[in-house]
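Report on the following structure.
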Amino acid sequence: MFLIIAVGLFVLVRLAPGDPAETLVPIDAAPGQREELVKAAREQLGLDKPVPVQFVLWFGSLLKGDLGYSFSTHQAVGQLLLDRLGPTVLLMGSALVLGLLIAIPVGIIAAVRRDTFVDAAAGTVSVIALAIPSFFLAMLGIYVFAVKLRVLPSAGMYFSGESDVGDLLYHLILPVSVLALAVAAAFTRYIRSGMLEQLGQDYIRAIVAKGAGPFRATMHAFRNSLIPLVTVLALYIPAFLSGAVVVEQIFSWPGMGQMAVNALIVRDYPVITGFGLYVAVLVLICNLLADVLYTVVDPRVRTAR
Amino acid sequence: MTAAPVLSLEGVTLDLKTGDDYVRILRDVTFDVAAGEIIGIVGESGSGKSMTALSILQLLPPKARLTAARIGFDGADLAGLRPAELRKVRGRRIGMVFQDPMTTLDPVVQVGRQIDEAYRIHHPRAGRAEAREKSLAMLRLVGVPDAQNRAKQYPHQWSGGMRQRAVIAMALVNDPEVILADEPTTALDATIQAQVLDALMRARDELGVAVVLITHDLGVISQVASRVVVMYAGGVVEIAGTRELFADSRHPYSAALIHSRPGAHRRGEPLVAIPGRPPLMSDLPAGCPFAPRCASPYKSERCVTQRPALEPSVDGRLSACHYRDEPQEVIA
Amino acid sequence: MTTTNLPSGPSAAPIRSSRRGLVPPGRLALRRYVRNPAAVAGAVVLLVMVLAVVFGPMLSPYSPDVGELITARSAPSAAHWLGTDAIGRDQLARVFAGGRVSLTVGFLAALLAVVVGTLVGTLSGWFGGVADAVISRIIDILLSVPPVLVIIVFAGILGPSVPMLIIVFAALLWPQSARIARGVVLSLREQEFVQAARVLGSRTAYIVVRHLIPGVLPAVVVAATILVADAVLSEAAVSFLGAGVQPPQASWGNMLNDSKSITVLSSMPWLWLPPGIAIFATVLSTMAIGDGVRDAIDTRRNA
Amino acid sequence: MSELLRVDDLKVHFSQRGFSGRKRVIRAVDGVSLSIDTNEALGIIGESGCGKSTTGRAIVHLEDPTEGRISYRGADVTHPDAAARRAFNEKVQFVFQDPMSSLNPRMTVESIIAEPLRAFGAWDRVTGPARVVELLERVGLPAQFASRYPHEFSGGQRQRIGIARALALDPELLVLDEPVSALDVSVQAQVLNLLMDLRRQQGLAYIMISHDLDVIRHVTDRIAVMYLGVVVETGPADEVLDHPLHPYTAALVSATPPSSPDEHRERIRLQGELPSASNPPSGCRFRTRCWRATEVCAEVVPPLEPVGDGRSRACHHPLDLGMPTIRTESAA
């Protein structure tokens, strides 16, 4: 699977317009030297070898963790990705946790108090939150909290270059809120419908007939609704990354998304390829995770004869 | 009935909200359950027999309105209890067995734990070991072999018949006075049904629990129940001892029901089919609800205009028919 | 059997009333839809949007691509209802033009995805077997591939273009409709009336036309609305990131990209509020339509 | 009477992937032989999972036979091509268990009943509707039902629509898969009476598949008792059910609730559950639950042998012919 994706990316890079060696050499180099320089660059990049050999070389170095060097910053791509991973994980992780902390109780309450005001309000808010593009929401957020109220920063991770935890948290508030709202909106709906399905099951009525109170019955339903939820959660992560990319861009958050978009503008192929591989690996891991989690959580699968 | 009733329903009336209107689902349901007896409630789909059971413990859909005169149980009126008090009766003093054993157990909790839970809800100070001991005792009583190990399995590892026994064990674990069994064997095969009915009868014999057995199957009733409540269109039409009912019923509906069964006829004979279909609860006839389908020779104008009440006949049997004292002939 | 209003069993007939006597199920569904205010509002808003982007540019006196620098950055006025941007282009004309691109990408991608997805899903569900197992696996994986990121990679390497947007969106969105169609077909295949049709001697073509398509269609319509919403949002996101529709051509997404500088953000809200609201309104109304259709065809509801 | 349909050593196996992903072969039907004559009524009886429905479905080609031979009026129809299959379906029709699911909710009753006519080009605008009305009347439904939709009808009415549809092509044989088990008792009688009439009036033959002994006994002449994919006993209905030869038949009769409290059945309680059809016991499939089983039962598969009077049984230790399972006591 991984091999297929690697081949696909390689082919894609080959199809790209323009010669990477050309772009490597400054345009203003002397006309006579330029051909020499391009040739040298081509040899250096291995572009003079037959295509299959190039692939093997590329794939070999890929397996060693060597993703080549950025055209623009000349940093090793692998290192660049690693550097950018931290802020992105921090952003996504906090938003995911915050979003779920909102979604779980709200979804449960909406299901238990079905067709009440709470349910309708939660439903309306989540539909609106799903329909509003995250970058537009982010712009609204900046406009209100950074521009008008001047209570929150509009961009970056720190004011100074210092790593100060308080400052970091302060900078996290807006981007995390924007992302968490999207998470909360999506999962409130999942949890609500999962809970409704479980609450309608016969076993819930049987638990109430045993003399259980509403809390105990709800917990039984929640445990059962978790089973499909964990797989949905695992499969949601890649989609969530795209939300993070957008938000990073607008808040100048120094994460992978910002890196990818900058690379996109300057056509930094190695960085884009590295990012593509990263996304592909993430998708595969999340799919695997979904399968594994499913067998762990559901006793019907776990104890199958 | 010589024994004092443990449970007595008096004029239970239930409205359910469908769409914008309330529809009357139960009309003035009245009957007693004696200690230690097996009483059958029989009726076709939509007759209200399941709703009657659910009304007793108030396990009703959210938009239900119970306007019972009284559901008497141990000196209290269940219809007037607050939720917290009601919970002390549910599962503790009145147990419940549902129709489909495949769906009444929580699929992600071990069977034994679910029975333990039923015990521990009502015995909060009881330890795990004590609860498990009770659970195993009940599982053995209802005939689950190798209870100790099977209790650690999940419901999907149990067959339907075994699961229904587990549900019965769960209903019995707090030593209740009454068990409400709502079509407990309908989803099961004949040979398995026989085993489960045996388990219910053993519970009655050994624990002295009264069983309210709700079923559409007159055969099951005739096999295990000592008395029968016949329901039609949300009301009780007849209450009789099982033998009397089968030999000489006092209501044309009960009579027709008994005779519409193939087992009551010789092979190939036309069966007694009740023409038409039960009325819609939202659109009950003004008189006797059964009048439009009734084939009794005594049927008269009175049946169409005046709704008969459940009253004793000359020989003391309860029937909701204006002509309860006439012999009920069944016309094919 | 009980007297609950739940669908408790095969013999429990649904509630009937004389009012509903001879009404075909399709008309009943329409009636339910019309009674749902959110769904009707959604349909109206979307219709207005479509009409606006189709006819708006014809009615507008300004070109969306050419501006007059003299009137640059002017606030909304009688001449320029939504003001002008940094190089003096009429913002209203750009919202119309941008809407054309955004809605075209959204609808085309969704249409392509629905057609492909429904076809693949239906065949996969109907024939089953190994092919179905493989297709289901592909569907599962593709469903978790985020379109926006794929576009970034493709645009970064091949360069951004509108046809690429449509193709990539369609390629990544079809699994949604395929999964839905497959699910419906699987359940239809188990329905006894489909089996009955075979015993009755009906030919496969008849079964497909008479039983299968009418069964799958409503669910596909719902899926299509979700896909349109998804595609419009995704287009906006990638154009916002600069990986989608390229300037000077306008799209709602890249209009927001032009305005993300803090100066525009703080002092020229007429440049970013209208496209943002346009995206929001389009997506919200599409979702409302989808919800309305879903509720209307849900036969378990008696209304 | 002449032989209409014959099934020889039919096997239907399904491969199924379990939760663990391992493949198992379910031997739903594992060597069934049957035959039915013109105008005969054959009952197939057994509990869930015994393969009775699969047998019926395989006869009308809803399932693909793994092995064996099906012949109709002497011609092989085991694996028909599309044309042969249509020709076969013109003569042999099927009635489904669930009258809700077997009628397309989006079609009017007229188009539902017209479907087979359209399939065979027997539909035209002038005579078609008249034919539909005639069919509706034959099953006892009024003509104005033709323009309505299935959801407007009760279970019994829907099942009659299903039967009208099956009769549209004037078949010679109907295969009925649990046609009344989803219906209430009173309505069940309507459908059973209709089936008996159709047979008398039209010379129809039918195979009725059911788990209900009373129903089968009432409407069929001859029965086959199935257990775990095989036929264990066949013979005239009354004889087989009153004097079973196979211990399983006896247990099944015993487990079926009697039709009145005065009737007592021999009390045979089978232990345990139905074994898995993917891994049936060696030798006799019933031996794991049989109280008469010996070593030979585990080693040798008992063949279905004729024993005179049109009866056959597959058992190493059959019961005595003189052993009645039902006795009736007069009310004490």
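Each chain gets a letter, A, B, C and D, in the order it is written, and its residues are counted from 1.
Definition applied: a contact is a pair of C-beta atoms (placed from the backbone, for glycine too) under 8 Å apart; a residue touches a chain by one contact, two chains touch by 3 or more.
Which chain is which protein? Per UniProt: A, C = Peptide ABC transporter permease; B = ABC transporter ATP-binding protein; D = Dipeptide/oligopeptide/nickel ABC transporter ATP-binding protein.
Please read these numbers as outputs of a predicted model, since none were measured by experiment.
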Central chain (by mean CA position): C
Between A-B and B-D, the pair joined by more C-beta contacts: B-D
Greatest separation from subunit D - chain, by CA centre: A
Approximate Å spacing (C-alpha centroids) for the pair subunit A, subunit B: 55
Between subunit D and subunit B, distance of the C-alpha-averaged centres to the nearest whole Å: 31
Centroid spacing, where centroids are CA-atom means, of subunit B and subunit C in whole angstrom: 50
Multi-partner residues of subunit A (each touching 2 or more other chains): 300, 305
Sites on subunit D at which at least two other chains make contact: 154, 184, 187
Set of subunit B residues in contact with two or more other chains: 44-45, 216
Residue ranges of subunit D touching subunit C (in the complex, touch as defined): 60-62, 82, 85-86, 89-90, 93-94, 96-108, 115-116, 118-120, 147-149, 151-155, 162, 165, 169, 182-184, 187
Interface residues, subunit B side, partner subunit D - complex: 44-45, 159, 161-162, 189-195, 198, 216-220, 222-223, 242-243, 246-247, 256-258, 260-265, 267-275, 277
Touch list for subunit C against partner subunit D, complex: 1, 9-11, 13-14, 16, 20-22, 24-26, 191-193, 195-203, 206, 210-211, 214-215, 299
Subunit D to subunit B touching residues, read off their complex: 47-48, 154, 156-157, 184-190, 192-193, 196, 211-215, 217-219, 237-238, 251-252, 254-263, 269-270, 273-274, 331
Residues on subunit A engaged by subunit B in the complex (per definition of touch): 114, 201-203, 205-213, 216, 220, 223-224, 227, 298-300, 303, 305
